[in-house]
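Shared chain: subunit A. Partners: subunit B in the first complex, subunit C in the second.
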Partner chain A sequence: MMNSVFSNKTAITIFVLPTLLIFCAIVLVPIFVSSYYSLLDWNGVGKGAYIGFHNYVELFTDSRALNSMKNSLLFAAASIFIQLPLSLLLALILASNVKGEGFYRTVYFIPVLISTVVIAQLWSKIYNADYGLLNTLLENVGLSHLAQDWLGQKKTALIASFIPTLWQYIGYHMLLMYAGAKSISQDIFEAAKIDGASRVRTAFLITIPLMKPVLKVCLVFSVIGAFKVFDLIYVLTGGGPFFTTEVPSTLMYTTIFDTYRYGYGSAISVFIILECLVVTLIINKFIKTE
Partner chain B sequence: MSTAEMALPKKTMPIGTILLQAFLILIAITQIYPLIWLAFFSLKDNSEIFSGDVANLPKQFLWSNYAKALSEGHVLTYFFNSVFVTAVSIILVLILSSMTGYAITRMNWKLSGLTLTIILLGMMVPIHAALLPLFMVLKNLGLLNSYWSLIIPYVAFGIPMAVFILGSFFRGVPRELEEAAVIDGCGIYRTFFSIILPLVRPAISTVAIFTFLSCWNELMFAVTFINKESMQTLTVGMMSMVGTYITQWGIIGAGLMITTIPTIIIYLLLNKQVQRSMIAGAVKG
Partner chain C sequence: MKALLKRTMGVILAVGLAGSLAACSSGSSSNGAQSNESGSIKLTLWDQSVGNTDPTAKLLPTIIDKWNSDHPDIQIERTGTTGEQYKTKIKTSIAAGEAPDVFYGMGGGSFMEPYIKSGNVLDISSYLTDDLKAKLGPGMAEAIENDGKIYTLPVYTHIANLYVNTELFDKAGAKLPTTYKELLDAVDKLKAAGITPALIGEKDRWPGMYWYDIIAMRQAGNEAVKEAFKDPSKWNSPDFVAAAAKMQELAKAGAFNSSMFSMSYDEMLGAFNAGNGAMMVQANWVNAGIEDPSSAAKGKVKVIPFPVFEDGKGTNTEIFGGAVDGFYISSTTKHPKEAAEFLKYLSEQLGTQGYLAGAGLPSWKTDGLDTSGLSSLDLSSAEIMKTATSFIAWWDNILPAESAETHKNLIAQLLAGDITPEEFCKQMAQLQPTELNL
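For the complex of A and B:
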């Protein structure tokens, strides 16, 4: 009886088929369609002309495209070397049972939940050259010579557009790392304490190594997040000034919807899929867990 | 006490504790102050904002900014659109993923493993990959500027994570419960809907929260597939509103606050659950 109920072919079809159809049609098939489009010279009207890998050659020789890749790598580097260490520090402190643990965890996480569009608008007001919060604060503490048009100038625009993302996701990585630290068995810390290990030593020699699985997840998320970043740049700077803050996804978007180069835009989207896939594989291969 | 009380053996030096608390408070202020500032300027008029006095409390609270944002700025329309698209997406994701997750983890069929692998692969696909192909299909079907043009992709891209989370909860349900149900004469549908589903309520709320956040905040599809103002969701609507009220920060601020408040309220009410759902979303295989 059990077997016949749980091998009910009709039920399985009803349970699985609709999901599988919608998933394949919307998520899987478009990858192949994009790959095909990427081989075309096509403006979206009529039929495109097949041009082989020409779009990809252009992608790796065009200085604007290369610059966008460089920016997303800088984005990833900033996440890895600034955001993740700060998140780790906060996670370790909060996991060590400080006063107000729950309060801080709740507050740090709030920016994660806010729409990136809102965050971009908010930070564009913070950076506003004339009336923005940042310049006003600088003037109030007597540093008015530092006040400037943060998003409008080539030399500051890129850094100024990193900061909101770093700010937004610190709480997210902190939460994941915190959960990782909390899941470590307490006996290990008892032993360390008996051996007289200091706080910092315990963190570096015991807590962090045992948090490797969650640190790996954070690493993958932050790198992929940097490669995919779109909303923030699109709303904050649109890639400007003079392409200084452009990233592959905004380049893809303008290539498709502003200059109608559907083939080239698709090549960029295939590039984004591949780099996300490759970086995940590399991190999984080089950082072994278990 | 909690397991990691000893994560960092605690010193009882008061100066260390004070410094640590000062550091934590500083970070808390950094994380929260921009939003407080937003709340302030959403209640001010231009002259007050532009007088250079941006950091202070409003002299008088201009609630009219909110009224203007809601009526003239169409925020009410955007809000309704977002609520509708998000709600339908959540319901569909829950129905589809729970059925599929159940069939994959608890029923016997040859291709269940392969199906799971294919669906979970979807977690690695960035939505960028689907943007242009979906745009072409929706355009040719005349579905641009409809709610379905957002709901269908949101559901499809929400499925992998949902199947993953629900599937791992179904795995934890004891076999005996199903056996008892079947012996009592339940068919597969009743076993699933009236015995199993109520048991995985925490997973359902996790998936609902997760789907809420990603649909409510999504921009790329929303900006591409919808250009009719009456159909725009909050994220896209906010962008056009900023264009309209470019110099009236107070009204823009009010719009941004209206977009943000529902999320913050949900978070403050369901704080633990939201955090758990974000963790669940990260800890895959």
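For the complex of A and C:
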């Protein structure tokens, strides 16, 4: 039955067509339209003037834009080297038949379900310089000299705005990895046990290698997520103070909606799309799963 | 069995189809009948008045309800969206050619200018009678004119001044400042008493701009500022350097909350209303919030003109503000005449009733209105406005959009001590000249 559906071209067309049309209308067409806008000097109303690749030249010479790109690369690095290892650790612990498996799974997944704006509001209260939880905590344990305006200073704002995002999606990656670990056949673990392998050895030599397909998916999601991050940064700092936490998406927003430069803003959006595409291709090329 | 199943499925499908067809047709026929019967026109209205303590947010629905019941043939559908989101929303919809019939616009500056220039806004001059113009407050008819055409009617006027919490001043033994020296004195005394002297929500960057702008107006005088808007090289002159130096001096003296760069405008108002800061430079749209029963500062706050400077050319009758905001009609509307009728009604009603409700200073003549219900903040704001010899509105509205962003960013750097007053003025001199007639 199933096979006959998959080999029936008409059936495939009927099932795929609506989604394909919607996808084209709300994803592909806007990408092409934005690519066209990115070649214009345009204020969003009236007629734009065609200026070729001038916006792209500006993008790669403007120090503010370059800084936003640097931030998004830093953020991607933080995702790969902090977020994913933590998720993996939690997933492995969770998959090794601990007590309260379901409970922990749910608890770690809760931040993923909460709206990012709520998460951002929550953390901006934690970081608040006047009454924030973090400063209060530091004062209570006798470290009041460390208390500061976390989101309002150049030296701390970037790290302070990364932490909530990294934290928010740990549960998401954990769940994916957990599912990957759980899908490995129990026979293999039993064989390893009989051979006398320790838990750590089993994890590194059996579980992790067999989870490679899932890990690759997590890697792609986490890097693309880092390149696209917007809402959390926008609510927490708005890209400030002094552009220290600016990422390409917040720069795009300011460019379009505060300075009316739709052309330049579109160039930034095209850059984000290309950045994501290139990274996905690189990851697919270098991490072979079959 | 199989045949029976097939037949049943067929019947179910047919019934389902008929049902959905019926649903469609009944829906469309009743809609059609409705609009044929009364011939009613629907106009959409977008505004940004949704705040809890915003008197306009309470007034708008009643004004619209009254209009709708008086004009069964012209029905208004209103959508309110909060401030910053509203700006994005209206910009996007105008750019997409899907603007509502009537919408709120931040008037007299760079916000509406691109849309007026590109013909997205309807010229309503021909719908205005002299009778109506006579009802406007002094100077208002000129203020809304744009190259001989009129696109909006004023609703409120807003002016910015210094808000002081007298209870905190008393506690610190400080005197309400009338000069720059007294301002510095007050800062010292307030600090010594453990009180944050002044609050700035610099995360949003424009609250800090209000401080610099009014300082610059006091230092150089309004005329010099207007000149500099037209010829930006004048920003790099001794008066503006002195203004930037004063701004930085205040910051270094600890006048502002140390958390200013992470505090938003809303948080700033919250902190001021909670009595966590003694001073704030804001426009009279904050009055209703301060006087709200939920505010701990209720009854303790005074609004005073910003101090004058011993070495300054500005006087305290030179006002920061006078911005006339109002409603605009989209040039794509199908019913320009009806929209103009509604715009006239809405602007006058909101302009007068809104003044009495404490939403803003009037742009319409207020003779014969009962002002006894106004708060002391509203009354003293109105008093200050009466003394005005000159107005300059929000600088980020006057400067072209990109220069406005640079201006705000430079002030943030000045506050943080990242640039010297001289560098600040050098960069200000690189701004674009204004496109407005000042």
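Note that in this section the second predicted complex is superposed on the first by the 267 of 290 C-alpha atoms of A that agree within 3 Å, B and C clash if a C-alpha of one lies under 4 Å from a C-alpha of the other, contacts with A are read in each partner's own complex, and residues count from 1 in each chain.
Note that in this section a contact is a pair of C-beta atoms (placed from the backbone, for glycine too) under 8 Å apart; a residue touches a chain by one contact, two chains touch by 3 or more.
Keep in mind it's a predicted model, so treat the numbers as computed, not measured.
Participant: Identify whether subunit B and subunit C fit side by side or clash on subunit A in the overlaid structures.
Facilitator: clash
Participant: Kindly classify A:Thr136 by the partners it touches after superposition: subunit B alone (first), subunit C alone (second), both, or neither?
Facilitator: In the superposition, A:Thr136 touches subunit B alone.
Participant: Once chain A of both complexes is superposed, is A:Ile159 in touch with subunit B (first), subunit C (second), both, or neither?
Facilitator: neither
Participant: A:Val57 contacts which: subunit B (first), subunit C (second), both, neither?
Facilitator: Touch partners of A:Val57: none, neither subunit B nor subunit C.
Participant: Using the superposition on chain A described above, determine whether A:Val107 touches subunit B (first), subunit C (second), both, or neither.
Facilitator: Only subunit B is touched by A:Val107; subunit C is not.
Participant: Between subunit B and subunit C, whom does A:Leu66 touch in the aligned arrangement: first, second, both, or neither?
Facilitator: Neither partner.
Participant: Of the two partners subunit B and subunit C, indicate the one touching more residues belonging to subunit A.
Facilitator: B
Participant: Which partner does A:Tyr262 reach: the first (subunit B), the second (subunit C), both, or neither?
Facilitator: In the superposition, A:Tyr262 touches subunit B and subunit C alike.
Participant: Please work out whether A:Ile273 is in contact with subunit B alone, subunit C alone, both, or neither, and reply first, second, both or neither.
Facilitator: Once the two structures are laid over each other on A, A:Ile273 reaches subunit B alone.
Participant: Using the superposition on chain A described above, determine whether A:Asp149 touches subunit B (first), subunit C (second), both, or neither.
Facilitator: In the superposition, A:Asp149 contacts subunit C only.
Participant: Is A:Leu205 touching the first partner subunit B, the second partner subunit C, both, or neither of them?
Facilitator: neither
Participant: From the superposed pair, tell me which subunit A residues show up as contacts to subunit B and also as contacts to subunit C.
Facilitator: On subunit A, the overlap between the subunit B and subunit C contacts is residues 44, 130, 257, 262.
Participant: Once bound in the complex, which stretches of subunit A touch subunit B?
Facilitator: 1-3, 5-9, 11-12, 14-16, 18-20, 22-31, 33-34, 37, 44, 90, 92-100, 103-118, 121-123, 125-126, 130-133, 136-137, 139-140, 167, 170-172, 175-176, 179, 181-186, 189-190, 192-193, 197-199, 202-203, 207, 214, 217, 221, 224, 227-228, 230-231, 234-235, 249, 252-253, 256-257, 262, 265-266, 269-270, 272-273, 276-277, 280
Participant: For a test of understanding, state which residues of subunit C touch subunit A in their complex under the given definition.
Facilitator: Touch list, subunit C to subunit A: 87-88, 91, 94-95, 114-115, 117-120, 202-205, 257-263, 271, 276, 401-402, 405, 409, 412-413, 416, 418.
Participant: Report the residues of subunit A in contact with subunit C in the complex, numbered from low to high.
Facilitator: Interface residues on the subunit A side: 43-46, 124, 127-130, 149-153, 237-238, 240-242, 254, 257-262.
Participant: Looking at the complex, which residues from subunit B come into contact with subunit A?
Facilitator: Residues 1-11, 17, 20-21, 23-24, 27-28, 30-32, 34-35, 37-38, 41, 49-50, 52, 54-55, 96-97, 99-100, 102-104, 106-109, 115, 118-119, 122, 124-126, 128-134, 136, 152-153, 155-157, 159-160, 163, 178-179, 182-183, 187-189, 191, 213, 216-217, 219-220, 223-224, 234-235, 238-239, 242, 249, 252-253, 256, 259-260, 263-264, 267-268, 271, 274-275, 278-279, 282-283 of subunit B touch subunit A in their complex.
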